[in-house]
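Per-chain numbering from 1; labels A, B, C and D assigned in written order.
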């Protein structure tokens, strides 16, 4: 970190919505007007102190922010290396960081006079968050979800329904998150005048990647202040899991100009050497999907591959375009963690700290545990615990049984 | 509220652990020494600034306090009466106020050098909270739970097991919370030297009712400060559900000397005119059980009745002794809410505010909604939303189907 | 003079130890229970502890808990327990100690409890979940009567507390052999011996041992240490394990004799 | 001169409107697809839109999505689409527009795309998810060639944007009749008429209407408003609904003729 680094905060995206060669707006003509409208609305909203005050008070009074910065002392002692701190997004209302984003987009939809919202969901966390905010604001809500995910994430389907949302089963393609997103885009194209599409992560066409990052940076802003206040130093390493990449961007962004290492953890599924993973950066190549140029899991011919992960929330063959840029700039390193490693980390956090993490977050944790072993106790690793694992209970119990692991 | 009222904060229990004629220590001789030891330890701990500082930082960094004070605007508008504010204990780690108490008792167990903890649980929330803190502190943990509750609250059983606790099925009696508490007491009598019994509510022998109240009063302390800061006035009416009564005591206590009305809501099950309810004060009479003199559901002959409620956490035939006193003093009014009323309030909060409340908390909410209708918009009702309803999803879906209600 | 005191006086003279039987009233039903109790007394029980069945017997183990549930199911109550005691008093002169959880007495009314006990000829009252600190009202109600309040002491009871316990108590001291609930085994004889000796040094009343004593061998080991032994679950287990109710009184009587032999030094088991 | 331009010149002279058929390449398999495309051209299609199958066709409705999936399953790809086009060029002179999602072209390499299109005799390129703002690279690669970039305009496209769209575009303007994806029906003729008139006033290129046109009656209503009509799902639906592959070319040809009749004013349906 000796030579003068390019300042990254505020530098991307450029005026045309690009992060270097990534991002942009790869959509059919019908959506262009709406995206332009959205871009204008967001620009005006984020510069409107009243809007931002309402956003911040909803984060506090509704979502329960700030979420804690929590020292995982027993876990760190057991590892005997670097000290691990957890940014506890699992404590946020609805159980994951997803709520930050939907509060912001929900407020924006209200400001734009939209009465209907739609969203895609994989694990169901973003769907629950969107159904939540739709209920809070009295908006009609449709959630697109692959039938395979509906099966895997039954409790979240019940939650969405109790919240009054209509869950629309998607049977196309692989019946998972990517197909749900395609279905949501298709619906949006048809109903674009009345409907606000709440995308759940830092992907999609401009301005979504920027907007979602700006809404999620509260994670990193809080964590940075908490580190300085509670520990009087910045972390040496930040770790977050990367599905679309919103919790990771949210954590990383405010630290981008600090001398902190950063690792984005992708789901390596059954291993990066297999086809069963969801590591778009470590195991993919650039391409355009769902509105943005970014890294994708795809064939030589540009057909999109099905992603695989034990964790439904990481099970997506793309990644937010800003991550693609940060990868190319070597500012963030992207690493894979397998299903098994994630499950072991899940169990470890349960047993050592009394926190049941989301399977998604367990990927970040698993990497942090590995890395902590190699470092000394005066180093600090800050992990984004993006969500709680209550939604994963049945799934993980089955996994432990099938793989004959001790529960 | 004209005449000079007796100051209640700090007045009870008396030196012998009584709240008027209630409370005390109705236990076998074997436990007396341990209860005395516990009383001493608690007295010393609560006057030890270091202990209280550790308690407070765990509440913040681990449990995620303060929990929000949240204005339920859409709900209030729909009712068109008094404004309803929610104290959002559902945002606390593990999903209910129970964590406040177990952090305190867990720290005390550590201070007393106990390596094992036990607890009884009904809904599983206190069991999960205890298993959580046992994991965090590296203590061995056994949770006693009626087989009937094990069946009703399966997700919480999985959570306890993943957290490393042993869940001990209790088949005696009605196989619900009261029998779990009896079983825990029996185990404690045998293993009293090494084991700390973490009681989950403001009941049991002295010093538990006082200690749990002191640990839970953070709810009311926070809410009072938040009301004054966010709304610049105290609420006119406080409402909380009463199982054992810990969330209610926690909320009420700091307001006891304020000119606020208070209502504790008991589970009226299928109706107070039936035998199927859990309203110990509204439908019971004084007696001694599980270590304390208090109101109980019992026969003319003093045999304890089985309690009934759709909500496992309210399904207990007794109540904390301080509530018995507050009832006799007419300081708090106790009202019943039926299963059906609670379910309707549950649905209403889901649909109008995007919050899935625990069935327990839905009882408080149902009463608040009824009462808000009778009052004007310049009045404020503060409801303790004691926990989240994720644990109740399956149960409520079944209830809606069985009773042919719209979901 | 209270029958309990008389009994201990007589036993002392004979240099024998008291065999105290705990049996739940109304287990398995009123009539059989009467026969069982009568048979027990006639077979040589020195003092009878008559358990009032309670829905939530938190100080008892599974055996007595099940007995309590059987009795309740057959319709037993405190009032009927008084009836049972009255009928028993017609046929035996054995001292009777009523063994109850406090709620039953409280709900019945303490003054009624006091007068009915006297009426039916009950000699002592042991309230398992009522430490002396909470016993003021009860003491007041019983103060005019000859009825003894029997106190329990536990291995966890401090010496200081023991003094206080014994103050105002009568009859004998029920010394619990170990922490835990009734009916569970595993007795550490030498620990009990040491502890009992300490307690006896401090206690003017006869000291009787209870919890976990079930065989003649236990009886033989423990009888020399104390003034009496209390056996409960061993009897209740016989009721639970016998299908033919008419056999129960005889089987209970045999158990009494077996224990009696152990206590009187006629059997030393392994 | 580009075949598309030639076609519109000729149609204008004949006072007829262009029938543009969208058919997915390789649906249901390479050989049948060849026969279908040939039959369509011979039956009177003026311009062929050859769809490259994509795993995630987000701008298409279920009908074309399923066609795409069939083609992919049979092993179709962009390279094979070029082969198919080359073979077709041997037997027909119909202008061919390649209809693709951007990722397929990007991954194949834009310069290879440009040269192969020229080689096989493809006349136009429509990239459904590539607005002009993102099309700089593609434009550069095609700048030396005769190939037209075909642009889409939507009901949501502003007038200002329309000017920009048309700049640098060629061949014709694909005017989407309504918001939504391909293949869904429910056309509001009078709204379309008004909108098309506005667009034609601003657009120097021929304006063709597409999305949701499937019957001769639709064709009869809409043909007078524009310079041509694009029909896609109606053809693909025939492929999906026919079990005997050998029947498909004939059925497609019949559909072409039916639509042709509608456009030429020989049928006015309800």
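The working rule: a contact is a pair of C-beta atoms (placed from the backbone, for glycine too) under 8 Å apart; a residue touches a chain by one contact, two chains touch by 3 or more.
Note that the structure is predicted; figures quoted are calculated from it, not measured.
Least step count on the touch graph, subunit A to subunit C: 2.
The set of chains in contact with subunit C as well as subunit D is empty.
The most distant chain from subunit B is D, comparing centres defined as mean Cα coordinates. Mean C-alpha position of subunit A lies 38 Å from that of subunit D.
Taking each chain's centre as the average of its CA atoms, subunit B and subunit D sit 67 Å apart. Taken as a graph of touching chains, this assembly forms an open line, each chain in contact only with its neighbours along the path.
This structure has the following touching chain pairs: A-B, A-D, B-C. Across the interface of their complex, subunit B is touched by residues 54-59, 61-62, 65, 69, 72, 77-79, 101-108, 128-131, 133-134, 151-158, 161, 165, 176, 179-181, 184 of subunit C.
The touching residues of subunit B, counted against subunit A in their complex, run 60-64, 67-71, 74, 88, 90-93, 95, 131-138, 155, 158-159, 161-164, 230, 347, 350-356, 390, 393-394, 396-397, 407.
Across the complex, subunit D is touched by residues 16, 24-34, 172-173, 178-179, 182, 185-186, 189-193, 285-291, 293, 296, 298, 300-304 of subunit A.
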